Each structure stands twice: as structure tokens, then as C-alpha cells.
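Below: one structure, written as C-alpha cells.
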């Protein structure tokens, strides 16, 4: 019994809150992917690698050329947006009519390319932005500003994207395009343009994630591997294309990882999270928020 | 047949030049080894030409196996040398032994490589992982009373490690050392070096309130852990690192800024820090040469990483001691000649650039192939310099322990 | 042979089929009509197991089949077509039908399945050539393929959902004759959903009308065609042509 | 208003239309009839730009459609209700209608057009939040026509609008066609339902195996032997 | 199969069996053995992959095959001759446990891909977390047999391994052909296009999918076990987990999913390409090999979407009527 109560201490609370903050990071990552994977149904397996390139861009601008963080961030977002558009134009566009698995593979190839490009161009060193944000302390509990920032960015981003997708004509077209590409022209929609806009937007969100991630993580060519798979799971757990669902799913995942890790080895946190994902797929295949099927 | 005409030793060298381990120190080892091999290639050894064939293990054990097999069977090298990661050493050693070829490990430290395996052709001058772990524990044990003012049984220690061969091995040494010293181990946990979040581990550490944290990791997990530790307000008295990521001060500094000061690290000594007075005087010019070459290859590095020296020194032992003897005394560079020459090695303390001596455990002992005279030292980073603080014989200055008041992690 | 009672299907808060009961006798052709969205396809989906009913019972040849897995229902002798044809494009026409012949009859013998396929294809007038690809089929061809697949499962009861949609008039008449032949020659009982009254009324023995998921009328074609409620919600100004078709059919039936 | 001259078109190596000439004048309702696989749908697709003619010319009010990118053709006032409706099944009725008003020109009138469409199809207003894919066939057809009406077109292309609809709704659809053209809209309609369609159109073309076999006023067509022949499959 | 083709197969086979007795370069044989084992693994994957059941969980099955066999041998001294079947049963059981609800609840497409991805994630993490038994990320080595090599299924001789791998690979092809010519293939093709319609044709969708998944998982586990016995060393990263699963998908698709030898061609191409590039670039241009590999992969998939073998065969065969999708 004593052991049981030992668990309910201030640290548990801290772990819960840290889970929420990690959730912010994951939610931010999932946001752009949800747009690409969830809405227009294009598989960018290399999504986390785009984030990695964005992190390098931040690193070089801030650390190497002394650009201010706030100038570098929009430039990075722009850069990754262009990268996203290019990825679509060069790799996805020729494969739009091919089976989805081919998209997965082609972008898997891009994943290799980006990783080894980073290795070749930037070397294998771990790089660090060197910006040390202050820490928020409440008595014994401490929270990272960088994570709070990601949390806020994820929240604002989620609301903005949600409104964009539901309220604007372009947003509606983005949702429509995965369902019937051929007749988009009958609606007066230039399908190519919609794809490019969406890809650039997805890229921009990856860039945004990069700007905030770089405050918390070292950049190295393989940093994408730590986040890639989990980001995909979150999109699905929340319901493909469901931004609010994705947001919530990120937190659920993060809590499981955080609390699981507190009570046992860190890996069991992941095992739990993955198992939870599988079980949820059976219970709520259309996502956490889906009402019925 | 025509190999007989030209006397030549062909050495296959395997390190990780890409992948996560490359940045973790493997590449620096490669540079060190290459400097020495290039040096000997100029003059040759006892009339033998020296030719090195390099391969990249890409931080993957399977590739390391493949490359070793390829070098031995396709490139027809006479031996393989190098290997940074213990996860590669273990299977490659088994393979090489099976092929009855000669292997000289410069860097990897896992004791699992030799443990009860009874290898005949595999040798390692480097200290083994548990020695690293014991060393730091011993250091704290000897200083607990004086610096912390606590009895050993009241000293709270936490052992955390990445869960690869390397971390596991060191942590075993830590554990054994803690037991011997009678410390109160409040937490022992492994984690995967690629985990994207370590805040749960930090929270556990906070709850455990350790006086000393014994950590084994690569980068970037070290930076991640320490950054999250700072953000979550983890406090402790001292942080003991054990080589790998902790051996690369540049990275620590980049990731943690001023907080990198006062971190301890157990590693073979950096050859440029080793006490040259007690060292064989022949080695001084070699150390100087390696330093100059390194500066030429990597200009502008504040602290020459100990990894370069490890690669260089352990390669040097083979090239300068074992190889000449094999040729002169045992008539060639075939595996058996090399093996006999290696078993004959008897270098006293101070006879290598890393300060330790070399004598291999012989056949029939549980650690056959391991250097029984190697030991790591404990250094401390202070003001962008690293100084040996332990063992006493090598110490260059008094350790700063515990963390001074006012520093980020200080629990004073 | 089929006895349905109190069948209900809800989608969330919306009731697509509300407490519908009816029976179909051996060898009968029952016409199922009703406005769009009145629940006809939904009833078919429940009869064939594609959807599980929210409540109600379906007795087929004396056995309760409500909620059974579709393959079990098909194996017990109910075959269906889909309103919008769903061919398997990666298989040839012959393989499409042979597949149904094999699995629809309890996976007994491949030879028997292929024979069934040949028979069914001939019956609906599709080529029995083994290599013909589905891609070559037009709208009419696809409808025929649907029917051939259903027939190959050797059904006792056939559920035909809008077999005429998208056909031209000549083909409609052909298709209607085909359905009648199926009943006459193979003795298969049929429930037929169709909006083309002129053709439907000539073939069916009895008609059931749905509206908003409820049964609003049932009976002989001529009677139903005269039902004011049916005229209001479904037939509109078509009522007269429908009536005429029903009358003509009765006259012909009587004359035989 | 719309003029096709010697249009040839097809799919890959397969040619579906051979030298088709066709004309629709402003305010007219024109029907295209013909057996399955004759090329009616192909004709509609060529006009709305979904496939490009291999030869021949198409002009809408003097603008060369061959030189206009497909998504710009809607802006010229051509709205196409495709065969089998082709709704966006996972979007709500509302969103489907919104897609119909995607063009810059139409966005400003979105609210007005929505009223017009809901007036025509009150059922759509009831179901505006339902996923289009879960609606019944007839409801979907309404939604498809409504979607096309959202762009405030001058010329409406209808490809078998009555297929799969209940008789009352079929009548409504044809009523609607009448009303649409009464409001000054031009209509080109493909139908299998020859009897009905000839009641609402002014003129019709009979197309068979990719060529125009006959054309004339509704009355002429009803009386034509060629038409009877085509449908009796002689 | 025609007389000519039968003869061609026979001659090819005889040549393959004779190869190690004629050509003895150990490194090349080593690469050949690896190619054969991976070919078998890729073939196993494509058993279900070709029917649209894209699994990223096969790394998990392979890992179970390897680890269970090795653990049984090291801890209980159970010979791989019994250990391998047990490990296959374990993988099969896992496939059923995850597959049944997946198919029952209609988890398809992306959802299926990600559920299986999570599965291989779980297997990987469990192997890592139970490091006291499995060695964790460090990897694991089966104990060397002191006496009876055959009993331990450990051979130092490359020729023996080559023949074992060849036999296993052939068995894989035979199974592939049996499935290809069975009625089950029709059912699975149908299911992959439209489950409702397949069910309406009388197909027990869940059962058919389960059967092929089970078969594929069993074969993959066997591949894992054989790989372990040959390499005598396994780590979670190289034999299990997401990377391995992706590698299977890559190779199978690059080679061609819908032809029996496609996955084999995929294995040959990817392994040879990786080896050649790595050796070609060596330590001179670090990282470039993967860069080129990635670019080639992208180009292959864009320009040869049916896979290399698939596309080549397509070009050789007289075309049957194709029509662009509308």
C-alpha cells in the first residue's frame, strides 16, 4: 500500500504535465502530416526528414550566419514549404495514379536521399542551436519553455488549419481532391495547383515543427527516425484528416509514453503506446473522435 | 603465389564513418588509426610494406560483419583492425575467429566480446567496459567521505545507461563497484539511445534524489538527457560520464554551454594529457606527430578528443610492438605468427601513449585476448580544459566535487 | 421461403428501415419499389449479410439468418447483385464468375465452379471466353456480369438491385426477359428492385412499396399501381403507364 | 453557343468519337440519345475538357475550348453533371455544393446560389450535413445537379440524370430541365429514357458507334425510323 | 507450364545447385546465401503484399523466428530443428492474434499498414526491453555447438549454407506458385478490390485473409530463423523492427510484386546495389552510396512502377488490351 501511495507524489503530476508538453511536440509534428497523409491521402514517409532539413536550416542560419531566431524561423518555414512542393512535383505527381504503396516507397527512397544528403553535406556531427530558454518553476516542478512554445504553436496551428480546411473554398477543395481527382476540373479546380498548395502547406508545417524542435533536440541526419513512425500512428489514431482528433491523440500517446516510462523501463512506455494503438484500431478504427462506423 | 615475392601486410580497417556512431566518436578513432597507419606506410615495417584498406560499418553490426568478411576473403587482408561499437565487436570477433584470422580491436570495450569465449586470434589492448564502471565508482568511493561528508551507505547513486553493448557493460561495472563500495543505489535504468524523450527518466531521477549520477551514453542522448534535466530542475552533486559521448567535449559544450563544466569522464586518457614524465620517452614525438596531423585534418578544435588518441595509441601498439616481432621472430604476418607475437607482448605501465601497459590474458583464462594492464582514468572538464583527477598517480589537479553552489545542477 | 419480420436498421440517429415485415414464396418474383432513399438497398444489404440489422428477424428456408456473415448467407442460397456494379477488375470476366461459383457453393469443386461459370455467363449472354477482360464491358455488360456472378452461386433466392439502371430500352426488355427466364427455367425466387415501372410491372408477381423505410403498400401490381399513396410518393404521373403495364401483364399471364 | 466541328476523340488507342458535328444554340435544350457504349459520355467529357479531342474544334461562344485548360472551362459557363454523379462521398452535402462554387466568379454568389439549389431540392437542405456517399442514389443525383447549378452556368451538361431515380423524381428531373431552360439556361442532355427526354428537348442527336447517325427536332426524332432501328437493335 | 519452360527451370536449377562446387569464392558465396535468404523473406512478404495486404509488421515475424529459435537453443538447449517450428508457430499465433481483429473489423489500406507498423514496433521494443534475456540492442548470438553441428544447425561451411538457403528459397517459390494457381488467389484478388462484393460472392473474407497472413508469417519466421542460424548473430535493428519491414517492402516492389521471381530480383538488385555502391564509394565519399541508392530507388519506382521484373515481362509479352483508367 505504501508503495502505491509513493507513486502519487508531485513527480507523478510532473510526469503528467511533461506528457502534455511532449504531446505538444508530437501534435505539432502530426499537424502537417495529417494534412498530407490524412487529407490528400499522399504518403510522405520522409516527413520527419523534411523536419530534419528544416532543423539544419535553423542551425546554420542561427549558429553559423548569426541570423536572429525570429528571422531564421520564417525563412526555414519557407524553405521547407518549397521543399514540400518540390517533393510533390518531382516524386508524388508522377505517382498519383499508381497504387499508394508506390508513393510510400518512392518517398522512402527520398528518406534515404535526405538522410545521406545531410550526412554528405553537414557531416554526421550532432548539432545544437545553443539557445537556452529559461525554465518555468513551480516549487518542485519545472517546465521547459521550449515545450510550452511547441504546445502553444501546436494549438494555434491546429485551430488555424482546422478553420482553413473547413471554412475556405481552397480548404474544401483540398479535402475533396483525394476522393475524386478526375472531376476536380469540372469544379473549375486546377488539381495540380491544389496539390502544390497542400504540399507547400504541409511542408510549411513541417518547417514550423522544425523551428520549435530545434530548441529541444540536437540535429543529426538520423533525428527523423526517432519521430517518424510515431507521427504516423498519431495521425491514424486521431482519425485521418481529423485535426482535432490528431491533436488529442498526440496527447494520449505522449501520456502513455511518459507515464509508462515513469512506472517502468522507457521501452515499456512505447510497447504500451503501440499496443494501445492497435487495440484502439479495433475499437475505434476511424479514430478516437469518430462517432460511428 | 606471387604474394610471396612482395613482402606486404594488408590491414583491413573497419570503423563507422556514417550513421549515429560515426559522430559518437567512431570517426575520430578512425582518424587516429589512419594517422598511425599512414605513418608506418611511409617507412614500412621490417621490410614489409604496409597497406590499409578502409571500410565503413555504417553503424550497423550486419554491415560490420559483411565488411569484415569481405575484407578478409575478397580483399585478402591479413587481419582486421579497428571497431568502435561493441555491438559490432561481439559478432565480428566470432566470425573472425571462425575464419581463423587475426583481429586487433582498438576501441570497443564490451567485456562480452571475450567473456568465456576462449578466442585465440582476437586481441584488445583497450580497457574493458566494466573497468570503466568500476573506476568511477572507485573514485567516488575514495572521495565520498571527504567531499560529500557522507558514509558510503548514505551516498545515493543512480546508474543510467544507454542499453547497447557499451552502456550495459559499463553499468555492470558501475553496479559491481557500487556494491563493493556499499553505496545506496537509488536507480538503475537503461534506455535506448534513440529515444525521443527522456523526461520520464529525469522525473524518476528527481524522485530518487541521487548524490552522484553515473551515466553512460552516446550523443545526442546525453545532450537530450541533460537538457531535459536542466529544464525539469534535476539537482545532483556530481555527474560521472563514461567515454563515448562524454569523450567528445566539443559536443557537450555545444549542447550545454557552461553546464558542461565540472562533468567527469572515465576514458583512456587523452594522449596529450598523459603524464609524459612517467612515459616511455620514445612516445613523445609520436604524440606530437599525431597532434599535428590531427590539427591539419581538423583545424580549430578546442580539445583534441581522447578518441583520436585511443585510435592512434592502440594502433601504434600493434604496428610498433606486435608486428615487428611477428615478422622477425615468427617469420611473417600470417594469423598464427601475429597471434604468437601478440601473446608475447609485455609492455610495462607507461609504455603506451595512454599510460597503461600491455599484457594479454592467455589461453585458458576467461578473458583470453584482453589486455590485463589497461585502465581508464577519470578526467574532469573545467573551463574548457580536461584534466586527469584520478587515479592519483596520473592526477593533474584536484577534482572539483561536489558541483559548486550556483551552478545549474548543483544540489548544494 | 423467406419470412422477414420487424426488420429495423438505424444509422446513428437515422432510421433507414423501420419495422418492415414481409414474406416471399417459393418461385415468386417480388418487386420492391419506393422512392430514392426509402431503404430498398438497405433491406438487400441486410438480407445478404452486408449489413447487420439493428433488430428484427429474417427466416430463410426455416433458418434465422439475421446478422450472419455474408459468406454464410450466400452459401445458404441467397445471391445478390449490387446497384452499382462491383466487378473485380484484376480478374477476367470468367474468373469473376468462377470465383462466385467456387466460393458461393461452399468451395466444393473447382471443376463444378467453372461449369457453373460457363452456364451463368451463357444465361446472361456474356462471352464464355476465359481471357476476356472486364475492362471491355460497358454499363450493360457490367450489369450482366453482376447477374452472372449472383447466378453462379446457385442461389435459391436472388436479390436483384436495379439491374436495368443505365440500360437502353432494348436492353431493358432483354434483361427483364432474362430475369423471368431465370425464374421459369431455374426455379429461382427473385426479389427485384427497380425504378423502371414499365418493365418491372410486366414481370413481377407481387409488389411491395417502401417509403421512408416503412412498408406502405403490398399486393398485385395492378392494385399497387392504383394505390393513391403509392401514386403520390412514387409513381406520380407515371401511374397510368404503370397501371397499363400491370394490366397487360395480367392479361398475358391469364392468357397463358 | 456551343459548336463542335469534326471532333474525334478516344481513350489511348481506342477511338470513341468519329467526326462529330454538333451545335447548341443559346436557350435551347438539346438531347443526345443512343445505345450503350455509343460515345455519349465521351462526347460530354470532350466538351467539358475531361478528355481532349484528337482532331476537330470545339467552341463555346466563340472561345476555342481546345486551347482552354479544363479547369477554366467552367468559368466559360459550362457545368457538367457527370455520369454516375461522381460526388465527393466523404464530404457533406454542404461541402459538395461548396465545391460547385469553387471558381472565383461564383464564390461571391455562394449564398444566393445555395438558396436557389435548396429551393429546387428541399431534401438536400434536410441532409446538408450528411456525407454524400451515404445518401441514396436519388439523393445523390439531386446533389450532383445542385453542385453543377452552384456555378451559375450558362450551359448545363447532364449525363443520364434520370438513371436510377424513382419515377416521381424522374418526372421532377425532367420538370427541372424544363424549368432550367425556361430560366434562360441552355441544356445539353444525354438520356436513355428516349420517350421522356424527347418531351423536354427541342432537338436531339442520335449517336451510334461514335458517329452522329441522325438529328432533328423532337417530333422528327420520335417519328424517325433510324431511331426506332437503333433502339430495337435491328 | 510448357515443356520448354519446364526444361529451362530444370537447367537453371541444376546450374544453381552445381554453382558452389564450381565457384568457391567465399565472399561471393556469402553474398549469394544472403540474397537467397532475403529473397525467401521477400517472397514471403509478397505472398500477402501482392493482394494489397501491405504489412510493415513482417520485421516482427522475422524477429520472432530468429529470437525464439536462438533463445530456445541458448536457454533450454532445444535444437533448432524443434525450435524453428516452435518459433514459426509463435509468429503464426501473433499473426492470427493481430490479424483476426484487423480483418474482422475491416482494417484495410493505410490503417492496416500502420497497425502492422505498430506491431513491428512492439516486437522491437519488447526484444529491447527484455534485455536480460535477449541482449537488448546489443544483439544476440546462439551458443556454438560443442559437438553435434547438425543437431545445432550450425555449419561453418558456406556450401552447406548455400544449399540450405537454395532449398528454402525454392520451397518459397513453390508455395508462391501453388497459391497463384489456386482458387484462393481469385478470392484474394477480389477481396483486395472490394470486400463487400467478394463476400457477396460467398468468400469468407476474414478467413481467406487470415490464411494468407498466417502462411506469410510462418514463412517469414522461417526466414528469420535461417538468417540467425547462418549469421550466428542477430540484433533487433537488423532482423526486426520497422527498418527491416520497410526493406522487405522496398525489395519486393522494386523487383515486382506480381511475378514469382520478382522478390528474388528485388533482393538481387537491392543487395548487389547496396554492396557495389558501398564498396565502390568506400571510405572515399562517405554517405554517397546511400544517396545514390535512394535516388535510384525513387527512379525505379517512378519509371518502373510494376517493379523491374514485372515491367520487363510486360514489355516482352504481347499486350493484352489495356485501357487507361477513367
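Some notes on this structure:
All chains are identified by letter, namely A, B, C, D and E, in their written order; residue positions are counted from 1 within each chain.
Basically, contacts are C-beta pairs under 8 Å (C-beta built on N, C-alpha and C of every residue); 3 or more make two chains touch, one makes a residue touch a chain.
No experiment lies behind these values; they were computed from the predicted model shown.
Hopping across touching chains, the smallest step count from chain B to chain E is 1.
Listed by label, the chains touching chain A and chain B alike are E. Shared contact partners of chain D and chain E, listed by label: A, C. With centres set at the average Cα position, the gap from chain C to chain D is 29 Å. With centres defined as mean CA coordinates, chain D is found 43 Å away from chain A. Chain A and chain E, compared by their mean Cα positions, are separated by 31 Å. Contacts with at least two other chains are made by residues 11 of chain C. Looking at chain A, one finds that residues 116, 119, 182, 265, 267 touch two or more other chains.
Each of residues 128, 286-287, 290, 322-323, 326 in chain E touches at least two other chains. Taken together, the chain B residues at the contact with chain A in this complex read 17-20, 22-23, 27, 189-192, 194-201, 203-204, 206-207, 219-220, 223-224, 227-228, 230-233, 251, 254-255, 257.
Residues of chain E that touch chain B in their complex: 25-28, 30, 34, 128, 131, 136-139, 141, 144, 156, 231-233, 235, 237-238, 275, 278-279, 282-283, 286-287, 290.
Interface of chain A with chain E (complex): residues 37, 41, 43, 45, 91, 94-95, 97-102, 104-106, 108-117, 119-120, 182, 229, 232-233, 236, 240, 265, 267-268, 270-271, 274-275, 277-278, 281-282, 285.
Listed in rising order, the residues of chain E touching chain A in the complex are 49, 52, 54, 98, 101-102, 105-107, 109-111, 113-115, 117-119, 121-122, 125-126, 128-129, 242, 246, 249-250, 253-254, 285-291, 293-298, 300-302, 305, 325-326. Every residue of chain D that touches chain C in the complex is listed here, in rising order: 34-37, 84, 134-139, 141, 160, 163-171, 192, 194, 231-233.
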